[in-house]
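Please go over the structures that come below.
Shared between the two complexes below is chain A, which has chain B as its partner in the first and chain C in the second.
Up next is the complex of A and B:
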């Protein structure tokens, strides 16, 4: 009997140190070997995206008319394209466009969705009405049609031409902006619903009672508690952005001035009939691997960060 | 219910008005002047002005300066903005490429090709997706389930373009005359099959989650304990309770029923609305792009209202207030 009392007292005096949400999620992910493998793949892609343009700066001009559409060989591991340029280098360079689009589109979309969602959910009233109207209007145009419509409006548009902050809406910045502007809606909806719940919590009431202003409560107490939604949607949105870039580039509405996987598939779509599978194959495998890695990593991340969403 | 429906309809009207303004801003203000695609710039300024004049594109943008604030006169509405709003609702705008046809007649002519592609594609896709996911969900936790999930995840990650190009290539090997175009009506089944297979991964994964949420309920255990056969459990009890999320995903895809599959139509030479949309973008045919965007939006918004009503019909716990 006395033993029992002794042990409980020891446990009381040395409580297990509780983990924060972030450290708990981090430990979960560390234990998950598949998630780590996916994360490594993503890091490799990011590394390639940064390194490839430095390693092959002159790729576009390395035309070799003696080796058009050459088969994969020891000197050209993935063969050459219709201008005799290396497909391996083209594929590696394609990572740059893909990762840039994925990152930038989400950097635009996630903060936009979180801030608008939190403001709508916290203040309610006419502010809520306007934001809800805004996103339901945007959401009522079906996805691909909306993307194409925005890209259509951006054709041949260059903002602030000639200055150092020139923005070529027909090229890469245009894709990022178009994707960013349409993909904040999901985040906004979720954050708005969650904010409406958090608004009624005691700690928010306490903050309000102690005289904090609305914006200060939003940014100190509400948004930090919803950051995990932003991170989850960031990883899920990456896949959508990569696929959308491929779709646009395939339709010649994407980047024109540098290699991208969508353009590779578009260039190679007629070559397959002639038995030249290497260009389309390289682009497909490149897309497949990164989409797979983000899909699985996004799922694992969501399971780790949001126990409520953890499904069977 | 009546009050809810009324409020929902009013909100939908505001949404649709918002889309009308948005398309005007995108296509008329941001996209700007497209006349150089139709009138050779070498013909001089007069030819361009004539072209603009004929299509009402040289009117005032939003406010008619001569009419001022006299909104009760017809003159006030004689601007690009109001013309756009009216053309949106009536679908009587004229395409730049085919000046003698109205939008309505073009859509009516092409919609049947899109429907021939999308209706079988979605019907087979839903059925196959539901059947496979019910099967996989029933064997949850076993090797069948894990293999099923693994294959669907892999299938989801293959880019749609690869399915499309490989499918056409495979058909080209088997019988080249069926790989492109609609010379014989059976050709449509190639893109249909590709669309079904490409969409299967995502739908199986989605429906499996929906099914699993239901499968863990007590009533399923009771039914199994008293010996209801597998199809009875799956189709009579579980499917009926899973109706809501399934219904939502079905309604969400209705706009694409009309719009057709953008990529498949273009790639397989199906002369439908998706193909029309893409070729209009290439040719800067603004009225058609506006009309198709607006049409899909309206169908989508109507679909959302119908989903809300069906929710209340299928789930007695939901009361619309």
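Up next is the complex of A and C:
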């Protein structure tokens, strides 16, 4: 009886049409405690990345020769480095470089890979040939060689010098661009294959039958079904970009003018032999936490965007 | 060139759709002749059934007619407009009037769009409606196909096959079309659901004066549903007639073989099944002359009584059989049966003086 009453009441209610995929995903993420925890961690890192350079502007000059490589203590919770500077502050300052590199490189690479892959897979023919040729050629060069080649080409190059949009290719922007333009290939390849599968689906045909044009089908029907690839690759790529920055800094090709986690690991390579673990330990834990948070968050976001998992 | 006939909404002349296949290196370029010269006409408010085995090109024909697949040759005229020659804008306007319903209820709905989004898509594309009007129209459409308005925010995977097919029908109806290609709309459904969907389609036809091109392989369904029936074999129409004429007096030997395969729901009924040897030949390299001659029981039977000069030995399925020479050398065209101008067939042996 109560069922019956319930149905009639519900039937009268005029439902709102089209809560979009994104707003739906957002509402589901809000209910997911682990996703929120990861998001909070990412936000804290971002906050530190912005705030740390303002909080410790003079850190580089706070050299203390009486206190070199000091163990963690009450006054210096994470110890000091080879110049007696605070490692806690160094780690916090390093977030800036890592977050910038991780985000910017992927903001370049993922959309580039997705759009090129989707266009190649959807249109086929000579467009496909050109894009496949491009990424096959790039993919045949080992990644590190490519990265080093671009970095060397960028040495002492500054674009639009003097203007407000000056781009110092020798510094941080150069690293981001170099990482961005080499890491779109994997995404592009996956997206292209998936698009070739999707474009044969009946719903794409149905969209064409109702008069949608090619580009509009691509952005309305195909790319939303490729988002999961983009999200997964973003969280993987974030990790990849941070480690690539670490690698470049280790070879002294990274950022020179400010601390980064990569430089900390590079600086600490000799200290570890002497049993001074705190500098490398601080950098590793910092990287580990953000990488973990990004991976879990990416996974949860992908699930939230999949309507099939809505009621699970 | 285009004939004006107020009764006929869609007429197809000499339609061909070939798909290129990559042959051997330096080899001749080959084609799959999926549709190889099809003539059809669909009357306003009526249903033309298109039947044939799988691989006979029914689906390709339906999609080519809607210009979803590029045609190789031929002409399709829809209400006096030449569909293949329309420019982009005019084509878009025409798409409002011709729609399609698919066989696969899973693949035909975008899994990441809500039911409301799917059904309102044609309305959005063609414009001219406010969001509120669209919402109301979607509600009406869902109501009309027998679904609750409450479903607008649900996703396709939450529905059963029959319900999804109803969503597909609602989408096809959204732009108020005059003509719908129904591409095996019930083949993927349970028998109990098939009847519901067929009844829905038939009610909608009466209500909105819809013309259907009803593609199917189930002859019993077509008998129930169609006004006229065309039989397809290897990309060509072999026989077309009014439903009653076709089911009572099938002329082409292929049609006879197909009809004899329809099961009769009576355990005592014994029919003489015409069993065809072999499979449908490859549409890459179809047989010469009448494409049906290697499997045709009629030509084998008639060849036995004929003079040796009129027959020919062919090898099929590893055995050599004697068939009528004309069947191998001449390509039959659709011709009327004497006394019934709506009944045409393409069998040389039953045409003219034979």
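The criterion applied here is as follows: the second predicted complex is superposed on the first by the 233 of 312 C-alpha atoms of A that agree within 3 Å, B and C clash if a C-alpha of one lies under 4 Å from a C-alpha of the other, contacts with A are read in each partner's own complex, and residues count from 1 in each chain.
Rule of thumb we're sticking to: a contact is a pair of C-beta atoms (placed from the backbone, for glycine too) under 8 Å apart; a residue touches a chain by one contact, two chains touch by 3 or more.
As the structure is a computational prediction, the values presented were derived from the model and not from experiment.
Trainee: Where does A:155 make contact in the superposed view: on chain B (first), on chain C (second), on both, or on neither?
Mentor: In the superposed model, A:155 contacts chain B only, not chain C.
Trainee: Touching A:210, do we find chain B (first), chain C (second), both, or neither?
Mentor: Only chain C; A:210 stays clear of chain B.
Trainee: Classify the contacts of A:262 with the two partner chains as first (chain B alone), second (chain C alone), both, or neither.
Mentor: It touches chain B, and chain C stays clear.
Trainee: Let me test your reading of the model: by the given contact rule, A:22 touches which partner, first (chain B), second (chain C), both or neither?
Mentor: It touches nothing on chain B or chain C.
Trainee: Going by the contact rule set out at the top, does A:219 touch chain B (first), chain C (second), both, or neither?
Mentor: neither
Trainee: In the overlay, answer first, second, both or neither for which of chain B and chain C A:142 touches.
Mentor: first
Trainee: Check the residue A:201 against both partner chains and state whether it touches chain B (first), chain C (second), both, or neither.
Mentor: second
Trainee: Between chain B and chain C, pick out the one touching the greater number of residues of chain A.
Mentor: The partner making contact with more of chain A's residues is B.
Trainee: I'd like to check the shared interface: which positions of chain A are touched by both chain B and chain C across the two complexes?
Mentor: none
Trainee: Would you mind writing out the residues of chain A in touch with chain B in their complex?
Mentor: 133-134, 136-138, 140-142, 144-146, 148-150, 152-155, 157, 243, 246-247, 250-251, 253, 262, 265, 269, 272-273, 280, 284, 287-288, 291-292, 295-296, 311-312
Trainee: Of all residues in chain C, which touch chain A in the complex?
Mentor: The contact residues of chain C facing chain A are 63, 66, 68, 88, 91-92, 95-96, 98-100, 102, 104, 107-114, 116-118, 120-122, 125-126, 131, 134-135, 138-139, 148-150, 152-153, 155, 157, 168, 171, 174-175.
Trainee: Within the complex, which stretch of chain B touches chain A?
Mentor: 11, 14-16, 18-19, 22-23, 26-27, 30-31, 140, 153-154, 156-162, 165-166, 169, 172, 209, 212-213, 216, 255-256, 259, 262-263, 267, 277-278, 281, 284, 289, 292-293, 296-297, 300-301, 304
Trainee: Applying the document's contact rule, which stretches of chain A touch chain C when the two form their complex?
Mentor: 10-11, 14-19, 21, 201-203, 205-213, 221, 224-225, 305, 307-308, 310
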